[in-house]
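Each of the next two complexes has chain A plus one more chain, namely chain B in the first and chain C in the second.
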Partner chain A sequence: MYGKGLRTLSAATCLALGAAFALVFFYAPLDADQGFIQKIFYVHVPMAIVALLGFVAGAVMAIGHLRTGDRRWDLRSYVAIHLSLILGVGVLITGAIWAKASWGHWWVWDEPTLVSFLIVFLLYATYQPLRFSIEDPERQARYASVFAITAGAFVPLNFLAVRLAESLTHPRVLSTTGGALPGSMRLTFLVALAGMGLLFVTLWKYEMASKHATAQLRSLRRKLGGEEIASPGRSAAPRTAAPAHPGA
Partner chain B sequence: MSTVGALLRKELRMELRTRESVPAMALFAVTTFVVFHFGLDRDRLEGELASGVLWVTLLFAAMLGVNRLFVAEREQGGFDGFLLAPVDRSALLLAKALALFAFLVAVELVAVPAFAVLLLGPGIGPALPELLGILLLADVGLAVVGTLASALAIQTAARDLIAPLVALPLLIPVVIAATRATAPLLLETGAENVPLRWLGTLGLYDMVFALLAYAVFDFLLED
Partner chain C sequence: MPALPLDEAGKYVAGAYVTFLALILVYVAIMATKLSRIERELEELNELADRRGGGEPS
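Up next, the complex of A and B:
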């Protein structure tokens, strides 16, 4: 069920990302102040936006889990947060590179967006240890959902607080939302953003399809009465109940 | 309401009899001030540095209380007893948060004077009314988020690790707002006005997390 449309989606992702990189290198003008290094902006900012949206999507899916009690929602939430965490590492690394190139330091504390992102990332970094240290799968899913909702609500609040803390002393030079960009840059940015969003959705669907197939395989083996697959032991990943088998 | 009252009375009576949390938290806070004296190699602090030292100390002291908050429930079957009682489950959240709030106030009654004596350069007298307001607002946030993090961590295998790891990032906005609000009060040149937006931030934070904790707490008890 998660495999449906994956081929088209993958093709669209490749196309969008390819177009984005072509635009970045051949179409978007060089930034007057920062020169070539400014082009990392087209990777860094879309990645950050998609990662944050992934965290919020994880919270929404967690609400779905707590409302319906359906553990598949927990799996969806887990995969979304997991992917966002991986993107988050990318955001912090590209952010550090950009900071080093344009301000001369690997980390600057007066860039509120970067600082807020670090705080959010540190919070979500606890998600996996939290899951890992709860053995009972049902309780693990429930607690992880509570965490995902709390953290999801924390994201906008944290950005507000950090921005308030910095805004008086440091006026914002570059609007990172793309609002004040010249047309060609904005187009490139939007294409890059679309590409990154598609990449997230594609990876999410791939991961869901893989987890789904594994669970189905396990249930089929159990039905055949074959040897039990060695239990994976304690794990941070949700152990899905065997999905309803078509025709069973 | 009477449920919350009963639970809170139980909480406070237990603390009065066992003295498990508050003395340890207060002692920890005073010791941390001494550690800061040597760590920073300063005899007198003022302004932003003083405010930061005070709030970081209070935050870490609060973490000790957060770690112990639900231990009795878990180890002595209090959760089962509570779940068997025909009462609203949110009552436990409210009672625990109020208890943690009371613990924090008790700790601050020791820690703030100790800070004024040990480390603070300017006198604390003129700043006291505003400081009390900031302390109370921040304590609400610390109590609510601390209770939530504690409840989230108590059933895990590594609860002493999970609770601070969850609570600290969640509490960073409280630290930001509280330190920025306190800093102008502790200036060597005399206390200045507290910027109102920090009080607003603290109030907003308290409100959002109180509602959020109320919404999700039930799911942590369902067993």
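Up next, the complex of A and C:
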């Protein structure tokens, strides 16, 4: 079910990311101010945008769970947040590398953009321990959904607050007032953003297919096993029942 | 700060892009481990089904 179209999506992702990297190194001009270092922008910023959108998507999926009571929405939300956390690690590391190269410091504590992203990341870092601390799967899914919605609402608020704040060093690239990118840089950035978005969707489908296959296996084992089936231990990952038919 | 010379800037840029690729590779490696576990369990279940049904092992 989730594996459908995965091959096409994977090919499109490879194509988009390949094109983006080619544009970054062979088409986009060197930045007049930062020089070659600015190339980090094309991986760092798309990763940050997709990670934040992934957190918001996780919140929307969690709303689906609370509205319908269908635990598959909880699983979808879990996978979206999990992937966003992985991208979040990438954002923090590439951001630190860029900061060291252009500001001379790995981290600047009085810069609202950096600190606010760290706060969002640390907030979501508590999502998995929260899930793990609740044994009852029904309650775990409900509490996790409430967390995902609350934290998801915090993401755009946080983004807005940072935009309103007086920034000291972090540039505002995508704004109406300043930092407008020239056409070639904008095109490269948009291709990189599309590639990163496709990567997120591909990995999301990939992980969903894996979780779905595991649930199907568990169900099959239950049906076949006359012997004692060991119940899975406590887990942060949602335990969804396999649907009655593959298309469900 | 003035822009870094290309040879020095290259190290940082390479570091950032390698970080991104490494994250993806680690993720795919973990997923591959999970996939091999699913495959192993599927084989076990197949054998179990063969024993139950008394059919030809496939």
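In this text, the second predicted complex is superposed on the first by the 218 of 248 C-alpha atoms of A that agree within 3 Å, B and C clash if a C-alpha of one lies under 4 Å from a C-alpha of the other, contacts with A are read in each partner's own complex, and residues count from 1 in each chain.
As a convention for this text, a contact is a pair of C-beta atoms (placed from the backbone, for glycine too) under 8 Å apart; a residue touches a chain by one contact, two chains touch by 3 or more.
Being a predicted model, the structure only gives us computed values, none of them experimental.
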Greater residue coverage of chain A in the superposed arrangement, chain B or chain C
C
Under the stated touch criterion, which partner chain does A:122 make contact with: chain B (first), chain C (second), both, or neither?
first
Per the contact definition in the header, classify A:214: touching chain B only (first), chain C only (second), both, or neither.
second
Which of chain B and chain C A:183 touches, first, second, both or neither:
neither
State whether A:146 touches chain B only (first), chain C only (second), both chains, or neither.
first
Could you please specify the touching residues of chain C with respect to chain A in the complex?
1, 3-4, 6, 9-10, 12-13, 15-17, 19-20, 23-24, 27, 31, 34-35, 38, 41-42, 45, 48-49, 52
Which stretch or stretches of chain A touch chain C in the complex?
21, 31, 33-37, 39-40, 43-44, 47, 86-87, 89-90, 93-94, 97-98, 100-104, 199, 203, 206-207, 210, 213-214, 217, 220-221, 224-226
Residues of chain B defined as touching chain A within the complex:
148, 152-153, 155-159, 161-162, 165-166, 168-170, 172-173, 176-177, 180, 197-198, 201, 204-205, 208, 212-213, 215-216, 219-220, 222-223
Over in the complex, which chain A residues touch chain B? Could you list them?
66, 119-120, 122-123, 126, 129-130, 133-135, 139, 142-143, 145-147, 149-151, 153-154, 157-158, 160-162, 164-165
